[in-house]
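Next come two complexes, and both contain chain A; in the first it sits with chain B, in the second with chain C.
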Partner chain A sequence: MAIRHRSVAVALPTSARPTRWPSVRTRESLGGMALLAPTLLLLLGLVLYPFCYAIWLAFSDKTVGSPGQYVGLRNFIYVLSWPQFSAAVTNTIVFTVCAVAIKFVLGMAVALVLNQRIRARNFFRAFLLLPWVMPAFVVYLVWRWLYDPLAGLINYALLDIGVIASPIAFLSDRSTAMGSVVVAHAWRNFPFYAISFLAGMQTISQELYDSAQVDGASRIRQFRHITLPGLYHIIGVVLLLTTIQTANAFEPIYLLTGGGPSDATMVYTMLVYVMGIMNLRLGEAAAVSTLFLPLLVGLVLGVTMLLQKKANA
Partner chain B sequence: MHESLSIRVTTYALLAIFVFLVAVPLFWMVATALKSNKDLYEDFSYLPTRPTLQHFVRVITREDLLTNIRNSFVVATTTTAVTVVVSAFAAFSIVRYRYWGREWVGRLILFKYLLPTAMLFIPLYTIVVAMGLGNTLKSLMLTYLSFTVPFCTWMLMGYFRSIPPELEEHAMVDGCSKIGALFRILFPLSAPGIVASAIFSFTLAWNEFLLALVFTSDHTTMTIPIKLSMMVVGDQYIWGQLMAGAVLASVPIAILYFLAQRFVVQGLAAGAVKG
Partner chain C sequence: MARPAIRPTRRQFLKTSAAVAVGAGATRPFGAPALAQRPKLAYWCYQFLKSSDDARANFAQEWAKKNNVDLQISMVPLKEFLPKITAAIEAKATPDIIESDAVELRARGQLLDVTDLYKKLEKTYGGWVGNSPKIMLEPDGRVHHIMYGFQGFMLMSRDDLVKEAGLTPPPATWVDMLAYAKKAQKLPRIFGMGIPVSNQTDSQVWEDMMKSYGARLADEKGKRIVLGDYKPQVWEFLDFFTEVWKAGVLPPGVTTWDNTMNNSTYQSGKAVFILNPITLSLWLEENNPELLAKTGHYTYPKGPKGLIQPVTFGSRAIMKYTKVPDLAKQFLWDSMEPGKMDREHGVSQWGPVLKAYLGFDVWKKKPFMKGLIDLSLRGEPQGYPDVFNDAWREQHTNTTISRMLQRLVVDNWSRDKAFVEALDVLGKIYSKYAV
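Up next, the complex of A and B:
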């Protein structure tokens, strides 16, 4: 009997629990949500709303100062028939593929060099990171000056050592403009690849290389069979991440060529700027970015999945 | 032995090439800023033969560049102050609280961190104009939060996850509230991550180009990137002043980076790359 009474006495708090427990949970939820509220408001107001608004704009004839009306697919039909749009598609792809390829090769080479036992490694690592630390607009202004046909360093040095006979108008010649923009962009952004790959290389166990050495594997084989597989995840994340950023690059184009000469470097971000801000044709501008949206969302979802897979693993 | 020697030679040769490629544009920026116009456009020389500060003086007196530097500074510090508070709370909430929809907010933040501003500047422009904030620094302070907050929240989420929750739980057993544990335990322990996120936020705001270009149209409201880009088209013989301006624009970022390099690398490793 006594035991029974005690068990009841012990049970009492437990039976009281269901009324108290949710309140603690609710308090926890409310506290968490209160802390999150400012960020959530910002995301809704400055990201989600503009994002949806942009899609609505693409279907309207809105201009600055007048409320737009729904016009169906008119903007899209207009944009798709425009030669500038197909130039922008081609140029965006060419720019992205070339720039990512150069940054990847250069970044990997720099990472491999910095991963060796070299003197003053920390100094060189910090130094080679400098282009990426510099503000991008500064870098592109400097490159515009380097490319200058009248007094630029590149032309002067090439003339000086006798490689060329007359100055090259790097940025205003159709045949060199895109290449010049890609080089400037790659110079500024390769360090991101280098530090990411270097961080990855430093997590690969030295024992793997030691035993490969004992087995007589050459450096190239070690790179292919140890270093590269060890970097697969980082390579995937970096490639997707920077493909998104490169495809949306605006500053190198705006500051170096402005999309010219005759649309030779007109990428889609520049086209959106020219149409929306300079010509104030908001509907068409929004239609251009909406047309690039599926590609972008695909890439973004790719990175999201890769990063979350890693976070859960 | 021979293989290792050839590898050492290749390593140092490549290193020399990389250092050269990185050094030349940086050197040229500084050299141009220090040359006289005569050295720049008439007697070409690789080194500044008669170094002068006249371009720095001119860019400040004639172009009133200090106004634009101050604009950039005001926008970047305001944005950073708000960002650090807002994203530290958000990251703490997502990492340490349990409630419905938490994962979705995390995903939305990552999505925004990846979504480029190029997708949003047209609607943001119409919103800014509709709010009557056209051509003001406020428009920049507000809209910059749209990328600094997701970036820093994402980074701090990674950082907070790396700190064991048991420490805060012990403090709470000892009678500390959850918020108290945040201020007394988690924040001090994640100081490097918070410093890194502040530096990133400042840098992102200082360097931002597209929104500043679209929103501001007046020499008194322009931030430094826009002012310098406007100077390019103005005058043929502006390069000395432009490079002096470029040096001035890089100095704050360079100082921040070298003061806090360790934090930045740590913070980046914890948050952005590893995820």
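Up next, the complex of A and C:
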């Protein structure tokens, strides 16, 4: 019985049976995964590794040229007790919210104008991109000169027409410094909003406006009920991208005020620069960035959810 | 009738390609053997004053040609040096030789020991000038960078305006300087004192002023903050600063000036006094000799407790990762040769660091160079009377004292509040390095 059983088990035609290939569906899935693998690996290498490395840095005493040892929460405690950190949190929020709001309003207004049938429309559309294509450092050095209290054009003009009696130090007064930086930054970046909104407006059917006009809708009502809803998706993408970009802006602060006067324009990117590059203490700089991560994610989520809500409504 | 084209088969094509590749490879060992053996040297040259930069870069090119070295020179402005070297170290792609004040890299063990070169230069060229040894020698007697020049802030004065106001330059004390500035300025076009009070390192001249009132930041070892023990001296200094601010001698905008604004203000004739290295005078020599003729160059005025006159410096160092340490040392040695330095001093902002350089004619030819000799002979290392170490350096780049002053005039904080914050910041910085 046992022998018979063995002969059945061993001599069985199982080995002779042809290998079963995976089904067409499985083969397709495997092939697809194999094709995606290089891209996924690249993404992991380019995104996930630096991200995790930055988090690791925040928990180490890494300085330039040293491997760095794990120090637990020491960097976070140091950074949180650093006087400029609280100023950096407030200023980053103020800068981001104000700059995005100005760029949005300005961009929308210009897009609305350029969507009309006006003379030399194509020229103005091209001209609009000028601030955006200029190198950032050129733009901000020009603005620095415009704001200069001794030789700047703005003060010169205001003094000349008698609006002010003595020059205003736009960048050096706590009450005007942040506003001046925001204006310069908004001027350079609003064309991206305008061009994006303009592209969106051109996809909205003219028939909708014609019908609304027949029904007696005013321009404002047309904007509220046709243009704006038609742009929700573009607005969402633009706000998402530019909120991140604005919160991470470095050049306007670095070139216009250096974070001053008295930390009135100190944003987190400037603080990271001072700690990481000027003082070569990469662990502390990474801790600042890591602490700002939830704030940035919160800002982005807030914007996205708000727009999603609007779009669904 | 056209002949049909003979198309090679794939096998033939591969055979031919392989033969060509092998042939090309075989010829390599015979081609330009000298080029293949030329050692490579990457040199990051400090960029600031064109005439001086050109002189150093030209010497390096000639040296490379003479020694058959494949030299790669990169001109790196001071402001970009730290970001660039940080990236280079982390990417393990550093140059062989760098020009900077090198202190941060020395402290982080990134530089090659050049004590032998230091001693050889000292012996051959009659010894080092002024406080050079104090700056280069570490507590254990080792040296990691070789200074090639002193420079430092001097009082530059519009002597014509000062004399026009019935005064005799230079002002002896800081209080005198304020009095001179008030009298000589012509508002709203010309301001008395073009000195920044911002987040840029040039603003730290206020720290030097504070120290001439008798204060110091840390103890003799440079480990523990003692500024709190010097409250009366700091108070006296803050009173002086408040008076300066209220007198309106500082141009509007100084709280966000960068390190170029004091230069440009003086160049455009809008300041009576500034504190600046003679780079500005060399610029004026070429571009505005009339203004240079009206300019006097002096050491700092004194404070109630004496003169604090710091010097900065330029130095060369070899990165520890170099594959050609001997060649790099040879370059450092040759670049200190007196004949070469004589030519270079004539067009640069650097004061002499070796005694063999003191006899150069250039010190007698240009009147503003006299101040540079005084500075080189008597100037104290940066931070004096504090120890010039990593902690001092970090509080310096953090512009701690200038921030304290900004709190007073921008935020209207009380002296106590601003002082307490400055003490807290200094304590935090120094405690990191105390272990």
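Heads up, the rule we're going with is that the second predicted complex is superposed on the first by the 246 of 313 C-alpha atoms of A that agree within 3 Å, B and C clash if a C-alpha of one lies under 4 Å from a C-alpha of the other, contacts with A are read in each partner's own complex, and residues count from 1 in each chain.
Just so it is clear, a residue touches a chain if its C-beta (ideal position, glycine included) is under 8 Å from a C-beta of that chain, and two chains touch if they have at least 3 such contacts.
Just so it is clear, the structure is predicted and the values come from calculations on it, not from any experiment.
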Exercise for the section: Check whether A:Leu295 is in contact with chain B, with chain C, with both or with neither, and answer first, second, both or neither. Expected result: neither
Practice task
Could you say whether A:Ile277 touches chain B, chain C, both of them, or neither, answering first, second, both or neither?
Solution key: both
Handout entry: Which superposed partner A:Val64 touches (first chain B, second chain C, both, neither)
Key = both
Exercise for the section: Could you tell me if A:Phe137 is touching chain B, chain C, both of them or neither one (first, second, both, neither)? Expected result: first
Exercise for the section: Please indicate which partner A:Ala285 is in contact with in the superposed arrangement: first for chain B, second for chain C, both, or neither. Expected result: first
Practice task
Using the superposition on chain A described above, determine whether A:Leu146 touches chain B (first), chain C (second), both, or neither.
Solution key: first
Handout entry: Partner chain in contact with A:Gly259 - chain B first, chain C second, else both or neither
Key = second
Exercise for the section: Report for A:Tyr78: first if it touches chain B alone, second if chain C alone, otherwise both or neither. Expected result: second
Practice task
Look at A:Ser172 in the shared chain and tell me whether it touches chain B only, chain C only, both, or neither; answer first, second, both or neither.
Solution key: second
Fill in the blank from the handout: Check: chain A residues flagged as touching chain B and also chain C 64, 148, 150-151, 276-277
Handout entry: Parts of chain A lying in touch with chain C, wherever the complex brings them together
Key = 63-66, 78, 81-83, 148-151, 166-169, 171-174, 177, 256-264, 274, 276-280
Completion exercise
Interface with chain A, chain C side, in the complex: residues 82-83, 85-86, 89-90, 104-105, 108-110, 188, 198-200, 251-256, 258, 265, 268, 270, 394, 397-398, 403, 406-407, 410-411, 421, 424-425, 428, 432
Exercise for the section: In the complex, go through chain A and note every residue touching chain B. Expected result: 28-29, 31-33, 35-36, 38-40, 42-43, 46-51, 53-54, 57, 62, 64, 109-110, 113, 116, 118, 124, 126-128, 130-131, 133-139, 141-146, 148, 150-151, 153, 156, 187, 195-196, 199, 219, 234, 237, 241, 244-245, 248, 250-251, 254-255, 269, 272-273, 276-277, 282, 285-286, 289, 293, 296, 299-300, 303-304, 307-308, 310-311
Handout entry: chain A-touching residues of chain B, taken from the complex the two chains share
Key = 3, 7-8, 11-12, 14-15, 18-19, 21-26, 28-29, 32, 40-41, 44, 86-87, 89-90, 92-94, 96-100, 102, 105, 107-112, 114-127, 129, 142-143, 145-146, 149-150, 153, 178-179, 203, 206-207, 209-210, 213-214, 225, 228-229, 232, 239, 242-243, 246, 249-250, 253-254, 257-258, 261, 265, 268-269, 273-275
